[in-house]
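Lettered A, B, C and D in written order, each chain numbered from 1.
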């Protein structure tokens, strides 16, 4: 079928290619003309503007928006007046799920359908496929199913863990999760879990890096003799990929990263966060769900960017007040 | 080659079967006679006692101990006097790594070798193979390599993430991690990471269970309308196995568990911990390594067993003191 | 001066009494007639309705609202149309600080002033005075200063820690913190800190309760001999009030609570949370401020009310999947 | 009565002065001769060596050791052979409580008594008195009671929160907590709580420092308008000292520190930890006590000293692997 794609960054561009390979036709648009021209060379139709994109699509249209969260509203505001009743907008980025609840209502008033489609896959999605978490009206999801099926990884060689309900698509790699917002809600929590898993590995490998602390004289005398290990971190990551309880795709990536740069000297350790981790915590707070692990993972990222600085200085100041303690190294 | 196996619980029994299938010979012993007799029917040699087991092994002997942590010292104490110089004891269980440092020294004084071999694989190891993390003298590890190779998963269809150093066995699923204790140290941290990953999934799926809190009236009025999702947890777990960043073997197991019992009604939620998570934290504390995620995961388990009860009652007592607040439900 | 007070619960009633004792006059109103009648016996003027209350106040009026957070908007909606330009509404409860930003704007459009006044003091405020954190326009705060001064504890015998800026009222126990919302923002964080401090004490005293775990056989054998202490918790709390680094008003209350009921048998340990702890976390998330301690404190309260139940059951389910482990006690 | 004091650092020196003021006599010794000579000028007897100190004390002697934790064993080893049956050693420093269990046993074999006396008070103890938490045999504690009473703050103007049991000394500021190790156990947890309280304040004030994040453009667009407060931190700390739930001695010190240096520009924010926080966590782990707040407080200190660096770089490396993400600022 035919799909419009707005936003041709790393994700959007690869998704278009995957759709083209599956035989779908794509009309594509981006703020800068380069990516559209490039995709035109492999079979996409380049649009010069949103109006042009809409014109080049046959109704009922399906337009997928794949832009940064802060740019979504602007695109929707420009796009919606160009569309007709029965057309559909899909937000495939990482928007807060409340936005989908609001936007679907606003667009429904114009007769335009709206889907929220959380999309996982990163730079690997072109080859592996994109895991899709979709929210919105059932009928609209069904209408666009050919697109979802093409983007998703498909069942491949990976058998489902249990017999699936008739009609279930979970084992194909895409799922209608519920009404508007449900797709982004599930994707949000997905990323929250991702933060937690990443932190679990990071803490563990950091402990490995401290395994020689005894030799460095940085433990208490009682225990120094215990901590004299020079561990081969790339080997351990590769090892655990086989038969261990902690094997995962993130571990695969960790093994690749450590093999390429065992001391990770090429990184500064200022870790970005992209919104979903924060929203996961807010949803947990709203619903009284304890999420100590997911929270600790997010706060570590804030911390890595120096955001605890004033707190730490206040601790040193208190220690000086009550104990006359100087800071280490002073 | 020939191996003695002491301890024929779930792990030991399966490991013997995997070794037999690979053509090794095993002399086996357990506190109760049943398991040894059973294994004798598939080719093992049953021993009636540790003395009998030692007698049935040709020197230089290799005896693998696979018993609960609290029973290891007793077995070593009984076994060591029966052995000769050049024999070897392997502790394949989950002992604190300091025990390996101490035991290897004590046994070296008698001329007996000692290896610590952290073993991951659980009930799946018989088919998938056991991921082995080994500590001790290089020469002893090399001598026992046929056993490790047979127990380990092997490379299989899983290509290494990067070219491996010559002689590296990481991509075979076993690794000599360093001197005595290094194997159990790496296994300890492995389990610490496992606790963290498990908690990340558990918190995320628990948030899904709270996604309908708005309908239940258990959120603040401002936000109630947002939380009205009835999510299909088994389908989400199955979905994420394909193309998502959080795919892992633990997720596979989560999908299986949720498919079998979507509300997990068959569980009480009192979660055991088996030592390694605790030791991971202690090693982190000794070496000044921040492990907030791994700690939160362990404390959640303590908490699940009611260990916060007094703390909670004190919080209620303070609230009554300063605000006259009653506890909810009073 | 003259003040209207709407909401005669524990807080509002005591505040009126403190104002009356200081020579101010109060017109009071509550949903039920009892409290107003009672306060009338000690000098307040009882109003039968909000309209009656407004009529009994001379312009420019000052009306203090002291009702639960969910009831504030309803009171404001009913009250505002009864007021005139130049009148003032003070929200003294625990509202989210954004509400003050919004309300002050809406009321300004009618010419009505609005202040947010975070009020700490609980059931002790009548005698000790109320610590007041105030947000809104400078001139309005100054106009109502006699009321704030009467409610606040005053300097008393407690010398400021440093010379105060001219005109500063911090050492009197009330402070104009900034523009609209600043008062409730400061009060919000105040309560977030309160949660953290309470949890610090609760965890510590809970550890004391576990100090005899060795005798109970609930530690690992290595360490059992260490944990054989039967500690006198009420005595320790009383002790620390003198000369220790952890002395505080919350510790005073802890000592009182433990003296009255050393095992806290009268409490269930289901700990409520009243909003500010949640909002503190959300503000931290919005501003990328790491707050691991304040978060852990809040999650412990959620947890005490059973909100981790499904997460815990999922952990048990995973353990059964990979290790065949049964839950403790099964 | 007469007391020997070994270790004349900040703590030991002030304690001797407080004892002299109360009419006790002190024989004092330090590794360097200066402090003893100085104390001799105000009435102490300076000893040139431990042997000299022992000789200048009349049996049964009481010798108080006030040295860093790593130096205690050396002093005990040198001192014990110089003492006689019936003499007593008191360890007033911050030793692990297990050391007291071991040392009391070793010294008992020589007929020498041993007490562990956790001592809180810091640089303020000389004037305020020292809060003492004492472990060891009842009779020995009773014999030394005049010393404890002189060092402790005494009841002063601070009435107990509840009637005290006959003979209880808690409201005098010293307490016999239990058998050997109980004093250091209680002091250990005291310091663990101290870490938690300090972190609660530090996180809260750090959030205040972020209250203007909206103006700085460092929040998400949705929320930027909310965070525009320039708060007066010294004033808030001073304010909360009066009538608020979070008033405490640590808050007094915070107010003093902020008044002296509102931006804390004189501190680097590398926060030391001195052992007790670590031991508190280990005791909690041994006894299965959840201590998420106390742990988070300790890890924040590790973190402030750069100990998360490798973990953070691994997070950045993973993000690059799956999403092609660059680090912020790259």
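Following the convention adopted for this analysis, a residue touches a chain if its C-beta (ideal position, glycine included) is under 8 Å from a C-beta of that chain, and two chains touch if they have at least 3 such contacts.
It should be emphasised that the depicted structure is a prediction, and the values quoted were computed from it without experimental measurement.
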item	value
Longest centre-to-centre distance from subunit C, chain (CA-based)	B
Comparison of B-C and B-D (more C-beta pairs in contact)	B-C
Whole-Å gap between the CA centroids of subunit A and subunit B	30
Separation of mean Cα positions, subunit C and subunit B [Å, integer]	45
Cα-centroid distance, subunit B relative to subunit D, in whole angstrom	38
Sites on subunit A at which at least two other chains make contact	122, 199, 201, 203, 206, 210, 220, 245, 249-250, 256, 286, 288-292, 296, 299-300, 303, 305, 307-308, 311, 322
Touching residues on subunit C, where the partner in the complex is subunit B	10, 70, 96, 122-124, 198-199, 201-203, 205-206, 209-210, 220-222, 249-250, 253-254, 256-258, 261, 264, 267-272, 275, 278, 292, 296, 300-301, 303-305, 307-325, 327-330
Residue ranges of subunit D touching subunit C (in the complex, touch as defined)	97-98, 101, 120-122, 125, 128-131, 133, 152-156, 158, 160-162, 164-165, 168, 170-175, 177-179, 181-182, 185-186, 189-197, 199-201, 203-204, 206-208, 210-211, 213, 218-220, 223, 225-232, 234-252, 255-256, 259-260, 280, 283-284, 286-294, 296-297, 299-300
Subunit B residues within the subunit D interface of the complex	245, 278, 281-282, 285-286, 288-292, 295-296, 298-300, 302-303, 305, 307-308, 311, 322
